[in-house]
Every structure is written in C-alpha cells, then in structure tokens.
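Note that chain A is present in both complexes that follow, paired respectively with chain B and with chain C.
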Partner chain A sequence: MSEKAPEDSKPQVDAKPEPGDQINIKVRDAEGNEVQFKIKKTTQLKKLMDAYCLRMGTAKGAYRFLFDGHRINEEDTPESLDMQELDCVDAMVSQLGG
Partner chain B sequence: MAQLLNSFTDACSNAWYSFKGTLNAGFNEVVKVVTPRKRPRPSSVSASPTSSAPPSPTSSASAPPNKSAPVSQTPTSTPHSPPHSFRPASHSPRKLPPPPHTTATINNNPLTLPRHRRHARQHFFRRSYAALNAAAAPTPFAKPSAPASVPAPRHPPGPPLRKTVHKRRPLTAHRRLAATRALAKSTRTHPKLYQTHPSPRLNSVLPSLPQKTPPHPPSQRDPSSPKSDPDALPSPSQRAAQLAHLPPSFANLFATDSRLSNKLWKVHHKRIQRLASADNNVKALELSHFVARQKLDQLRRLQEQNRRIAALRHTVPKPKPLKPQSERPPPRAAHFYNHNYWLPPNRDAFDYHLQPPQKHHAAAVTVTDPQSAFAPLTDTAVARLQAIFADPSNQHQELSRVDGCIIRGEDLRTLKPNNWLNDEVVNAYMNLIAARAAKAGKKSSSDENAKPNGHPNDLSNGYGLSRFHTSSPSKSLLSSSNYAPRVKVISSFFYSTLFKFNPHTRVTEYNYSRVKRWTRRFDVFDYDIMLIPINHQNMHWTLGVIDFKNKTVAHLDSMGKGGSPEVRENLLRWVRDEAATKEHELNDQEWSTDDVIVPQQTNSDDCGVFLCKYADFLSRGWSDFTFSQDHMNYFRARIAHELLMKKA
Partner chain C sequence: MTHSEPPSRIASLGDASLSVDDLALLVPPCWMNDKLISFWCEHLRINVLKNDSRVAIFPPNLSFFISLTDDEEELVQIATANNLKKSELIILTVNDSRQSGVTGNVASGTHWSVLALERSTNNAYYIDSLPHLPNVKVSKVLLGRMAKMLATSRPTFVELDAPRQRNSYDCGAFACMFAEDVVKCFLDGKQISSVYQAGFQLHSDAIDQKRQAIGKLACLLFNEKHEDDRNSVKDINRHS
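== the complex of A and B ==
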C-alpha cells in the first residue's frame, strides 16, 4: 500500500547534510497511501508540500496538509513543529458542502 | 508560283510562331532557318520526309508546300505523314524544349512534372496539334493569296478550347448560368475571340505569345480597343488632371503614389471622372458623402478591430463604482424576507443584504454587545467586498490567512450567495471565533478575579446545549452576557478522519487510532465546549458539539431536524476513548446525547453558513439562535468581511 520514495524531495544538495540533520516524513493521502520524504529539519515544509503536489500531478494548494490535526504553514519547519522520525503528515483534499 | 509559295510560307510561319512554344525543337530550327533566308524551300533536309533525322521527324512536313498534298487531314493517318499533319509529341515528350520565355515561371520539363500534369500536358498537346492541323489545312485554300499583313488567327476557328476545360465537371445551376452568360458574351463580342486567349489553360501554358505576335492583330481594331475597355485606369496625367477639379484635402487622398491611394483611386476613379464634370453643388454633396462613407468605413474597421482585440483578451467589464447611499435602490419589501420567497439561484449575483432583516434585528438589539452578531456592515466594508468579488485576477491570490487556512479569491467567492462553502472558509472562520472566544475568556476571567462573587459562569445558570431543546429559549441566558465559554474548535477533517470509509473492509467505520495524535498537544477536557465542523460526503455541512460542562453531545444539522444519532454516538464514543487516553475518569451515566432543534435552511446552499453561525453563537455563550434563513446573505457578507479582517 505504501510506496517508498526516499529520493523524491532533495532539499539541498550543496552542503552534505549530516545524518542527524535529516528526518524522514511520510505524507499520507485520503486513501491511506504513503509517500516518504527525506528533508532537513530546518527546511521549510513548503518544499515538501510542493514536492508532494508535483508528485501527485496536481496544482500547488490542491491539498491541505495537516500535522496532528494542525494545518501546516508554508514557513513551518520540522523543527518548529517538533516532528519526529517517520511522523505522518495528512494530505487532505478540499471539502465542499451546501 | 514562287510568290505563292512565299506568301504561303509567311502565313504558315505566322501560325507556327504562335504555336512555337508547343512545337518541337526540329521545327523551331526550321523556322529559324527559314525566316532569315526568305526562301520558299528552307532546307534540303526537309525535302525528303523519310530521310529526316530522328529529332525532327515531323518538321520536314511543314515546309513542302505541295499544293496537292492537303487532301486528307487526319493527324494519325500515315506513317510517312502527309504534309500538313503534325503528330502529337506525346510519344517523345522529352524532345520538347522549354518555351523560350517562360523558363522561370513554368516548369515544362516533363520528367519533373507530376503525373497528372504530364497527362494534362499530353492531352493539351494532342488537342493543339489536332487543332493546328485543322487550322493549317484550309489556309492555303481559303486564302491562298492573302496578304502577309493579315495574319492568320492565332487560334483555330474550330470549337473553342474553353469548352473542353470544363467538360469533365458537371454543370451546377450556378455554373450553367455562368456558362450561359459567357456564351452570350462571347457571341456578342465574337471577333474578340481572336484577341484574347479563350482558354485559361492555354494562357497558362503559352504566356510568351504576346511577345512574338502583335497584341492587336487586326489594324482596324486598334482605335476601338481603348474605348472598348472601360475598366482601364486613366493615365497618371489624366489622374492628375481629374484630381485638379477636387479640393486639395480630398485630392490628397488619391494624389500620393502609395498603395492605399492607388487602391482608392482604382475603386473611385469613375466617380472622380463624373465629379470632374459636375457642377459645384453636386460636387460638394458627393464629396461630403464620400468623406462620410470613408469615415464610416474607418470607424467600422476600428470597431471590428477593437471587438477582436477584446475577444482575444477576454476582457471583463470593470465593476461599476458603488453608488452613494442616497442613489441606491430602496430596501426590499417585507415579503422578500418571507420564508417561502425563493429566487432561482444565481451564483454570480452580489445580492447581500447590507442590513440584517428588521424583525430579527429588533430581537438582536436586546443583546447589548458591541460585538453583536447582527451589526450591519459599513459601506466601506461592502465596497471592499464588492471589489474583491468582482476581481477575477485574485482567484489564486492569498487574501487572508487564519491559522494556516489560506483564503484565496476562489475560497472567498464561495461566500457569495447561493454558493457552497468550502473547508478553508469554514475552518478559518472556526479559528477566528475560537480566537475571539479565547480573548473574551481572558477578559472575563480577569473580571472574575476582580469580582469573585459575581461569577456568571455558573452551571445552575445554564448556558449550553441543555437549553437547546427547550421550545422557548430563556431570555435570561442572553442577558447573562459576559459568560465566555472556553471553546475548542477542531478541523473539519477531524470527523472525516475519525469516521472513515475503509477500503479494505468496504465499510465506513469508526477508528480512534487515526485521530489519536490530534489531541496530543492539548486536553479537550480543559475546555467547556468543543465545536466540530462535519462534512458529509462532500455534500453537506453540520456541526458537532461536545459540551464538557453539561456532558452532552449534540449534532446541529440545518437540514435534518435533530441531527444524526450516528454522529452523536460516534462523537460520544470518541469522548470515551479520549478520556481513556488522557486518563480522565468518565462516568458513562452522566453523558448523554441531545437532539436539538435549530434554525433550518430553506434552500440547498446555506448549510455552511448555518454551521458557522451555530458555532458563532455557541462560542459567544448564546444558545438561543435568533437567526433564520433570511439572515444568510448578510451572514455571508459578514463572514467574508471578518475573514478579510482576521477578526470575528
């Protein structure tokens, strides 16, 4: 069910990041499919969200990303949200109702 | 005899010249040889047809002026061809030289021609040779002693070639009419047939003809030809002379040698000719007409151009500026606010009520709160909303952001009347009222510290969901104004994650573990009330309410009276699980579910607004929902305004 794509989002290739700097974050969509991203702790999560939208082939902003039920801002980082290794981010699609 | 022969040769050579491009090389050489020498017997080679060289097998036949020869004129008669029969060159097309003057324009190399053109060419040559035979035969007999000044007709007087061009296509009605007209014209001006080439195909193949033959063969036609051509443009000198009769500003239109003025002159020169001889009144009238027509044409062209540019740019008309208050239409009649009054949904209309409906407003006035839920919007706010809604360019532009919920133009436009609200608007508004409630809670707690005895937030006072189902809500509840519950709102994705379709079991089932981490940073039991917006199948919005003080769970549905028992059970189950996780003691006997009567929507668009307003009123501590469907357009505008202001 879950597909692994550890190389999907390359945060920065320039300075070789130390292993402790990076964490793996899973993004789970509404059907439960998971995509794993490796990201530096100080990188803005905008990068992750854009990479996920690109991978899903949708426009940016098509998903609402929640971490523990909280909406993720673009300028949030894994550090600021206190994310741990293999934490899961939910990618929700928009809801409409009348 | 020699004279006769000479004249005959001249006549023949004229005819040959006219078909020079179509004949083979050997014959050309013969003619070239003949003309300078002016001798009846051009060459000794041509005397004996049988001894002729392969490149010019037929050329020898032209020269012998044997008077007894033209008896039988069939082109394909005998192997040693009779004197006046010219065989078509179809069997040796590569012997044909290119026409001398047309190498640049016409490709006559049969090897490089496409097949259909090659066939057409062969067909043409066959026909022209046959026609030549037919034409050449009577010449020595009809006018054997004709003077050289009267040249032979360029084309045979036989059936016109034009007919053969169109023979293959069937005649439609239109073409039959055109053919009849052409026939009538050709019969009217029959002698002209010899001046112009009747066949366009012949013209295209023989473009070099006018250079060899005089343009107007008969001398008696020369004076008549300029008059007979009424379409000819006057010479530049005539043009200048005619323009001299016109006013200079007008004549300048035609005077310059530009393309435009030449074109104008071509179109209008007949008019100008007439004008030159007209009297001044007519002249003035005509000129004014002309100028007016020119201007009209120009205007029409400009309009067409603008229209196309506008269509290309997809221009959207600018929003009209807002009228001042005095010029606006009067408020709608009372029956407009009737529940039964309905309008066909117009999702693009901007039809907000700037003022809340009066009959409800009176009730709301009893709430002596400056933050009243029914405060009318200011003109500035409405104008701003109108401008934002009318601007299509902000579709993806971030207009506001509330706790991570990004309100773009498209999200804000869901707040236009008769549109369905989306999750961004609902969640952002929920966060706004939570922030307002938190602020009010701090304020009231500071008041509470000042006056510990006058604590209004008393359970016996009653504030929450226990009052919902009472048919007559107590006014005392509203008057106990400064009660501020601690409100926790949660995302609209909470319930859809908690109670979710499981693709493995094909069942929509409750699963606490999916949302277990959602509350790890706070404890819901610290709050008085928890508001849970619920989206049903991407179709409907309702509000789930968990009242921790009164220990009730309610489901406020603007479309189904009393809400769904399933939702209430799920929420209650979540409360139990949550209490177990956070290790709170929970007495199941104390908790209950309420079915609550709430204001209902009368259309199919406003459930999201009802949800927002239920939450709004509850977060203010009001359990008496004094609004109805009539307020919804006003509430939409107000919610949009508050989202933009980031302040509920």
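== the complex of A and C ==
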C-alpha cells in the first residue's frame, strides 16, 4: 500500500500524547489488503471504522469489523479490547439473502 | 459518492445492534441482512441459552471470515477466543457471499442457511430452506476450517430434510428458525438429526411469526432503553 494511511482526525491538543499512548492498528479486507491506522488507545474504534469506510469510498456502516472473531462495537477502544501494537482488524462486507 | 451518516441504532443485544433500516428488512418480501441474523444469534445465546457455554453460535460475519481464512494459527486463535474446545454444539449461520471488488455500499450474497456441528457425533448438519442447496459449497469449506479450529477429524456432512421456503425471500427467517430449533433440540437433550423428523409440519404462519418476533424483540429493547433513560433523568432531577 503506497499511500499513507489517513491519520485519526482528532482535534489537536497541546499536550503531546505520552509514549505508548498510541497504537497502530491494521484493517484487512477479505482479499488481504491492509490499511494501517494510528489511534490513541482510548479513542473509540468508531473513528477507525468510519475512517476505513471513507477511505474505501463506501458509506459509513458498509463494513462489519471483527477482532479475534468478535464484532467490534462503536464504543470499543483499543484499550477495552486489549489490542496490541499492529493487531489486525478484519473488515467484512455486509451480507444479504433470501 | 455520498458518505451518509449511518442510520442510528435503535436496539442492541450483546454484540449485535439494529437500526431502523435493518428493521425495515423484516417486512416481506425484503431479504434479511447479516445484522438481523446476528441479532437473532445473540438473542438465542443470551435469552434462550442463557450463555450456556456448551453451545457456540457463529453470526454471519464470523462464518464468513472463517470461510475466507485458511491460516491455522488464526483459526485456532478464534477457536480459543470463542471457547470452542468445550462446546458440544456449534451453530454456524452461512451466507453464499464472496467478497471481491466490492465498491460502494453494496451488500453481497443471495442466500442464508445453517450448519450445525454436533461434537458428540462429529456430524455437521446442513439445514437449508431451498431444495437445490445453494450453500453446500461454502458449508463444506467451513467443515475443513472447523476441523482445524477444533483439531479434530473432518466432520461428516449430513443434509437434513428441512422445511422448504415457497418464495424467493424467506431464507433469512428460515435460517433464524433453523438455528432456534437446533438450540431447542439440544436443550431438550435430543440428537440434532431428529430436529425435523418425518412428519414434521411447518405451521403456515411460523415464518411470518419469526420475522415478527425479531421486530418485537427489537421494540422491547428499544422501550426498555428509553425507560432507563427516562428513569435516569428522573434520578438526576431528584438529586438536583
């Protein structure tokens, strides 16, 4: 992936985040393409999920995100899910059937 | 391309949440989406099974993910995270979607079915409401994945003679019913092979009722949430 991953668009704050306060998370689609995001450990993952949808040119909510086989909720944070540096989140498209 | 805001969430249950747009799909002849199926899976896990660890229910996204990855380490990790080794029954909700080159807000897939893996017999029961069994292929892929996850021999694929849909839109409601019937069969201490024994009669409005049950459950949760909100407002007023 040659392009730089979009940064978390949080407002700038005066105090620099403590080292170890941020974490790199990879989002991977079904074909194995990866996009990396750097976010604060306490940032709601909704931001990451919305940013991914934006980057993929889809409406927000178009993908479902899984971590270790569990669906990620909007309020979850890297901290609450005990994510480690460069952990990978899987993005799945929505499914329909009749 | 527009980047519309996602529709607001109106009901949450466990790992699943529904918006108004999802609920609109409960009206025939709409096709049900993965969020409705996930919601029903969570209902079965929490309200029917009361978090009984002997049964694992895979929502559509998890089944889909497993069908796509052949990485043994990853599969074992998911098995551990979901406590699969101890489970006696694993129910997978299955869709035939294949993700490739998806752009825009396009949902993929055309059909829902259920795969129920009974650990005691190592039989995997394929339960499908369409007679030409469109999800056999992906279900057989899932069997291989399950064998890796559980470090067991490949389960035996068994097609169940399931009730069939008579239209082109009810498979989601059928899949919800199949998952529920398998759960109840297990809780009754019966073998899964007996779930739709000869002579089983599908009640004429059973499927419509299944759609309605999902909607009613969502409304119930919606009302409960708002009741809580109202109470917390009252609490604040009382303390101020």
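To be clear about the criterion, the second predicted complex is superposed on the first by the 84 of 98 C-alpha atoms of A that agree within 3 Å, B and C clash if a C-alpha of one lies under 4 Å from a C-alpha of the other, contacts with A are read in each partner's own complex, and residues count from 1 in each chain.
Quick note on the criterion: a residue touches a chain if its C-beta (ideal position, glycine included) is under 8 Å from a C-beta of that chain, and two chains touch if they have at least 3 such contacts.
All of these numbers come straight from a predicted model, not from anything done at the bench.
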{"item": "Chain B versus chain C, judged by how many residues of chain A each one touches", "value": "C"}
{"item": "First, second, both or neither for A:H70, with chain B first and chain C second", "value": "both"}
{"item": "Partner chain in contact with A:A62 - chain B first, chain C second, else both or neither", "value": "second"}
{"item": "Touching both chain B and chain C, residues of chain A", "value": "31, 61, 64, 66, 68-71, 73, 90, 92, 94-98"}
{"item": "Chain A residues touching chain C - in the complex, by the definition given at the top", "value": "29-31, 53-54, 56-62, 64, 66, 68-71, 73, 90, 92-98"}
{"item": "Chain A-touching residues of chain B, taken from the complex the two chains share", "value": "396, 401, 403-406, 408, 414, 419-424, 426-427, 490-494, 496-497, 503, 515, 517-521, 535-536, 538-541, 604-608"}
{"item": "Touching residues on chain A, where the partner in the complex is chain B", "value": "31-32, 61, 64, 66, 68-73, 90, 92, 94-98"}
{"item": "Residues of chain C touching chain A in the complex", "value": "1-7, 15-17, 19, 29, 31-35, 38, 59-62, 64-66, 68, 77-78, 81-82, 95-97, 99-100, 102-112, 168-172, 175"}
